Structure formats: C-alpha cells, structure tokens
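Notes follow the structure.
Labels run A, B and C following the written order; every chain starts at residue 1.
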Amino acid sequence: MSARDAILKRLKERSDGPLSVPESDFSVVTHRGWSREERLERFERLISSVHGEVVHTTSAEWTLALAEVLQRKKIRRLALGRDHPVAAEAREALGDAEVELVDVDRDIESWQREQFETVDAGLTSTRGAIAETGSLWLWPTADEPRQISLVPSMHIAVLDAERIEDTFFDVIENNAWAGGMPTNALLISGPSKTADIEQTLVYGVHGPRELVVLLRHPREPT
Amino acid sequence: MSVQSEPVQTFTPGEFHRQAHDALGNPQIRSNFRKAMDGLMAKRRDVFSDWDLEVLRDLGANIRMRALAKLPDLLEQLEANCQANGIRVHWAEDGDEACRIVGEICEARGAKAVIKGKSMVSEEMHLNEHLEAAGIEALESDLGEYLVQLNRQTPSHIIMPAIHLNTDEIADIMHDKTGIERTRDADAMTAAARLQLRKRFMNADVGVSGVNFAVAETGTLCLVENEGNGRMTTTVPPVHIAVTGIEKVVEHLRDVPPLYALLTRSATGQHVTTYFNMIGSPRKPGEHDGPEEVHLVLVDNGRSRIYQDDELLDTLRCIRCGACMNHCPVYTRVGGHTYGTTYPGPIGSILMPHIMGLEATKDLPTASSLCGACGEVCPVKIPIPDLLVRLRKESVGEGRGNVAGAGTKRSKKEAAAWKAFQWLATHPFVWRVGTSVAGKLRALTPSRLGVWTDYRTAPKPAGTTLHALVKRHQANKTHGEDR
Amino acid sequence: MTPVKCYPSKPEKVYFFGTCLIDMFYPEAGLDAIRLLEREGIEVIFPEDQTCCGQPAHTSGYQSQCRAVALAQLDLFPDPWPIVVPSGSCGGMMSTHYPHLFAGTEHEARAKDVAGRVFELTEFLVHVCHLKLDDRGEPQKLAMHTSCSARREMGLAETGPALLAQLGQVELVEQARTAECCGFGGTFAVRHPEVSAAMVEDKTQAIEAAGAEHFVTSDCGCLMNIAGRFDHRKASVKGEHIASYLWRRTS
C-alpha cells in the first residue's frame, strides 16, 4: 500500500469513530461597520506603525507624487509593468524623467542578477487593502510579476482609497477569492523586517527595505 | 563561509534533568529567555486588548476541529485541487520517507544548493542532515534559523529560533562564521546577512518551505512571515518544495483569516505579519517568474496515530504560534534546548511523545507545574494541561495504551506508594489515626522529596489535625465557648 | 467555554472539605475558615470521613488510585448544601475533574452533583456570603499569591484580592508577574526540583521587591512552597492562608 493510501486508511478508519462537525460563526472577523474615514485612518495608522510610508495623492495627479517619491528616494532604475493602467500612466508620465524604466515582461531567468543587483525600486498596482491590519493585497500577474514587489530595495504600491475594505475576511468574501485563486496572492503590510537579533526590530532584511503606498483619493485630499 | 564544518550541538529529551540543570545555572540563558518571554507576553496582551478574544479563540478552535473532523476528505480534496493547479503532491509516512522524497526531487533536478524558509516540519524530519549527507547544501534563510545554523545549533523556539542568543553572542557568530567585521549593531548585522543570503537565493536550485495553512477548497498553500525570505524561497528558485504535517489543512479559504489573526497576535503580538503569501500554483504559461515546479509533501510522522484518540486529537489543532512556550514558567527558565526535542515547551511535551515515544520523552509530560498558563493562551484552546495529565497516565500504564512507549515509566515502587495512598485515603479511620501521628506519611512520598529541603524549609505536620481541631471546636461550641 | 456560574443565596448550612494539606499541616487555617463561615450565621458540617480529593494521584497519572480516593469522598455530602473548599487546587479537582473521572460510570451523576456544589472559600465568601469585613489590625503591606488552580481552573483571580481590599489598614501590593506559578505544582516540585526551586525563588523575590511585609495565599501547597523558601533563606516575610489572615484581623 502506498503511504498515501495507508495514511488515508488510518484516518478514515479512526478507532474512536467519526467526529462531529461543528458549525462556524464568523461574525467576530467581519461587520466592523467602519466609515470610509475610519477605514482610511486605520489603514494609514496600522501600515505606518510598521514603517509603511503613505503618500496621499489623487487619481488625477498621482504620477506627480510618484515622480516626487522617485526623486526624493534617489531611484535611478524603476521596474514596472506595461499594460496595467498604473504602469501605463507611470510610463507615460515618466517618459522624460531621469529615472530608467526597467521592463519586467521578460522571463526572470534572463535578468535575475540584474533585478537583484541593479533595480532600485519596483512599482506595482494593488487590488485593494485591509483597514483592520494595514495590509495591501496584490495578485501578481504576467504584467506585474511576483518578484518586483520583493527583490528591489523599495516597493512602491499604488492604492485607490475606495479599495480599502474592513477585514481580511471581508476581502476574501466580497471578492470571491475562493472562486478562483491566482498563482500567487499576497498580503503586504510594511517593508520586510526581523526581530531575530535579541528582539531588536530591523527593517529591510530579505525583502524591500522601504514600502511607499501612493494612496489615490478620487479628489484632492482634504 | 561554510555551515557544515562542525557537528551540530545536540540535546536529547532523555537528558532533560541535566540540560535543565545546565540552563538554570547559565545566567545568560536565564536572562535571554526571561527578557524575551516578558516582552512577548506583554505584546500579546496589548495586541488582543481591543478584541473579543474568547469569541475569536472559540472560532479558531472550531475551525480546527471542523478541519480535523473532515481530515481524510480534506486531504483528498487538497490533493485534487493542488494537482489541478499543477502542484505535485507527495505523501510520507515519517520523516525519513519525507527526506527521501525531497532528496529525490533535488536529485532529479541535479540540485546542489537548497535554500530553506523556516519550517519546523523540516526540523522534525532532520532534513538538513539528510541533504548534507547526500552532498546537497541546505541553507537556512530565516535570519534566526541562519544564525542558529551558523552556530551549529537547533532552534530553541518554534517562532524565534535564535531567542537563546543575545546580541553579543550573535555578533560573535556573524564575525567568526561569516567573516564580517565584528559589530553589535543589529542593523549592520542584518544588512550583512541580507547580502550573504541574497546571493544564495539567486543561486539556489531548490527552495524548501513549510506551510502554515493548506486550503483544501482551493489547493492553496499559505505562508506567514516577516522577513521576505519565505517569499524568496518560494518564488526565486526554479523548484519549490513545501513540507507540512497532514494536520495543517483547513476546509475553506474563509477559515484562514481568523486563524491568521490568532497566529500573529498569539505568536509575536503583531496585528499582522509583513507577508501573507498564498501559493496557488507553479509559474503558469506566459508568467515571467515563480518556480517551474511546486511540490507539496504531506508528512504523517505519528499524526494519524494521534488522530485515532478522541482526547489526544486536540493536540492536532495546534497552529504553531508558540504562545504556550512564551507563557510557560518552566520553558522561560530552562529554554528550548533543554527539552531536547524539535518542538519545545508545552506543545512539545504533548506532541513529541507521539513522535519519539514516551520512553524517550518520559520527563517531558511531568516538566510542568500544570499551572494552566499554556491552555489559557492557546489560540485554538488546546487543553494542554489535561493532555499532559493524559500522557502522565499513559507513561505509568494507566491510560488507554494509545501512545508508543505507554507504561514504560511505571515503577513498582511508585505504584506501590500510590496504592498505599489509596488504601489510606479510602480508610478514613486509619487516615485519622495515621495523620495524627506526625511524620508517618512521609514514607509514602517519592524518594526525591529530599530535594525539597535543598531550597525550602521542610513542612512540619501540625501537632493536631484539622479533624481533631474541629472536634474540639464543636465540643467547645456546645459548651458556649471557643478555644 | 467556561459557563457563567450562578451563585445561590446564603444557605443555612454548608459542608466543609478541609483538604489533606490543611488537615495535616495547616489545621488552624481550616478552623479559621470554619469560623469565618460560622460568623456569617452558617452551620458548618465537617464530614469526619473526609481524607483527600485524590489530586496528587491524578496529576501523577495514577488514574485508578485517584478514582478510588475520589469515590470515597462522593458519599460525604448527602444533603444538597454547598461544599466549601479552602483551596483552589482541591476545589478545581472536585469541580472540574470529578465529572470526567467518573464519566460513563455509575457514579457519574453523583460526581456531577458534588462538582456543581463545590465552591472555593474566597469565592463563597464573596459571591454567596457577600462578606463584609471590619479590619482591626495594624497597617501592613501585604502580597497575595492566588494559586494557578484558583486563578485559571476555577477563574477566581479576583475573589481573594476583593476580600483583602476590604481591610482598611492593609495595602495590597502588586508583585511583578502576579499570575505566574510559584513552582509548587504538587509532585512537580519533587520530580523537577531544580526548576521548581528557580520558580519559587523568583516568586519570593517578586513578593519582597513589591515591598510586602507579609503574604497570603488561598492554597496551602503554594503556602508551603513560598513560605518554605522564605524561611529557608531566613527572610523576614511570613505567609499564611488567607482564611487565617482574615479571621485574625477581623476578630
């Protein structure tokens, strides 16, 4: 008998007999009832508390904020997608800027070393965010692959304010995640960190050292 | 830099007493753990302060119980959905078989360098030793695991592997083993490790990780981490192998948020970790990065035996947060290595006897004052103290015999003492006579009572028993006076 | 989940289960507890045939010995009066473990009945007697160690301190890590003496560091351990059972 069959057989022929299946009440992880302002406030407070930097901007002028961030952070090479509106608008806006745009729509094998050693920042869109924990949610795509939010020292993520939901549970349920999961789904809450050296918190261990969230409001932020 | 030059420092559960003696006598160990555990307890308390914690723990327990109730079906569903997603699923009866499976996958790819994300199941399998013996370098990438591996040790905590080391010790390790200039600066040491490991991520042939939750409904593998090494391990190398215990499966995707909320808060007092990495499949056609192959190795290693017994089953609810050890007054004083097992502390004491047998682990179930702190904080409400008592019963042959090594701790002398206790306590007249004769009962207590007086004054039986005092008191009352 | 306990109104009579440790080592504490109850107008019945709740055998894994000893206690409380126990440890054994110990046996119903009537002393004084205390003692800084069984198994972290708070001249000082075990743990202190010693050393230091001149506990196991340690290193801090302290200061 294969290990698989032997293990399953033992589990199915459990000596103390079948177990009863309890029902679950999920109300403790949903129905927060936060207003838009509360969601925004909470998201910003939580992600800032773990060194995520939130830059408020508008849907119309966000690329100016991006350019300002790139200049302030002295980013020379920025990896970004091509098709997603975030990438497309950024490319258009940054066409004349000094920053070099690095294409990511090529197999990583051809530029692994380049990405690890010479790319300063990765720009990605986000699908939304979670107010309760200050988390971004990303579903990397062929256009915006997995590593650009991970390998470069800085991750710049673009988030629309109205895409912030209350809880992780709400995100999964409202967006029907169970109906079709991508290759990789991510929650990102701040830059990478460790406390393995005597509980001293250090940011930027294996992943990005910095996370900048360009938070796009529909109008001018008040 | 080589991580394989010296033998790994070993501890065994059979030497618990000696190891505890050494740890208790080591002020560095004592203060490292005390400081760390105090901090972790305070952080956990703070992070749960705005939650209805009992309701959340009930939900966590309920989700895990539901998953266990449906375990064989969920494992089949997980396998089918993973396979449909392109993840190859393997099953292993024990650690050796799991190591062979990982070894074969590595061999098929001609792999020479394996990079590892943090995985306690791989520790349980002794995967690193197995791979090293096969000429494959297995390098830990979680900073704590990396430090412990450089220092040729094993983790002393399931969440914070290097918690037994302080900054000075880590500075020495980084200097001695990796050749960097000696520094006590945590930022500088972390930056150095980042540089050292980034090369290894790039050049690794295979990444090996654990799994925090495996979702049956979607065939998704969830990993919880802060450093990004888990994402690196599962994204950068061309092959990703996830190893996990068969109990880690949950039924639905919606079961994940409550468990994740409990896990990060219970473990380190964090609202959330930096990354929650949900792996659905290998790289799909048209995608530009991610591993070409993803494998899932489902490891039994004693779990299906635990599963048979209604009471022991609760052991399998564990989500490996480590809160039980953070709050354990024994763990806090002796540290993780003293236990000599992959999983230390209360969870280790109720889990390892099933993996290693009760004979080898006989001192673990008794290494608890049954203070209940572990059960009180367990996010999935495992009745750890009750399970410790159950294993004590099994140890002395008074249980159901469902645990390997049951009865091996029974001694004729101790059994006779308890029978004598029973006889006395069920013969009230003899009890009253006996207790009124001071000192008589001392003969019944185990022989090591002598050590009590190394640290404390011996308790002296009172001249009069309560039975006698009450009699006198009642007689006095009848005569209208007291005393 | 721990069900919310419904407390009865003050009864005419109670049973008193003195516990073996009090019987042999701290009989005055038992008598003081009885006096406190009697002062509230309650008749205290002390079943003469009581011995031990069986817990030492239980925590050592000697299930059959434990069951036999526990069974011998089940018949001691025939009338439906509450059973007051001056120990969270023995009280927890009787209220929590008796029903499991006899589950599926002919004694199950009796075990459940007894379990449902067990009250720890301070719990009974606070929640059933609604005890009012008038402090007649000198000013004193006092520490309380609530046993782990009282605190966690019985959920009674607050009842001891609530009684002490009524003593006007007593300042209840807060120790570091109040909720941490003192290291007694029954046979734990014997099987793992060095770890237990490290725990009780920390406990005594915490009590001293809090500035306490005296300490009380609601469990004689902890008392024997903590006071034994203080005494061994000739410290000035002394301890006693909370029943004795309350009786002494209010009579």
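Here is the rule we use: a residue touches a chain if its C-beta (ideal position, glycine included) is under 8 Å from a C-beta of that chain, and two chains touch if they have at least 3 such contacts.
Remember, predicted model here, so these are calculated numbers, not experimental data.
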Category of the chain touch graph - line, ring, star, complete, other: line
Most remote chain, CA-based centroid, reference being chain A: C
Intercentroid distance (Cα basis), chain C paired with chain B, Å: 32
Averaged-CA centre spacing for the pair chain C and chain A, given as whole angstrom: 53
Residue list for chain B, restricted to those that touch at least two other chains: none
List of chain C residues in touch with chain B within their complex: 1, 18, 20, 22-28, 30-31, 34-35, 46, 48-52, 54, 56-65, 68-69, 71-72, 148-149, 151-153, 177, 179-181, 183-201, 224-225, 227-229, 231-232
Of all residues in chain A, those that touch chain B in their complex: 2-4, 6-8, 10-12, 14-16, 18-26, 28-29, 46, 50, 104-108, 112-113, 116, 132-135, 141-142, 145-147, 150-151, 167-169, 172-173, 177-178, 181-200, 202, 204-208
Chain A partner contacts - residues on chain B that touch it in the complex: 32, 35-36, 39, 51-52, 55-56, 59, 62-63, 65-66, 68-72, 75-76, 79, 91-93, 97, 141-144, 147, 160-162, 165-167, 170, 186-187, 189-191, 193-194, 197-198, 201-202, 217-220, 226-229, 231-232, 235-236, 246, 252-258, 260-261, 268, 271-284, 286-290, 298, 300, 304-305, 307-310, 313
Complex contact set, residues of chain B against chain C: 17, 20-21, 24, 38, 54, 58, 329-330, 333-334, 363, 366-373, 375-376, 389, 391-396, 398-399, 414-415, 418-419, 421-422, 424-426, 428, 431-432, 435, 441, 445-446, 448-449, 451-462, 464-470, 473-474, 482
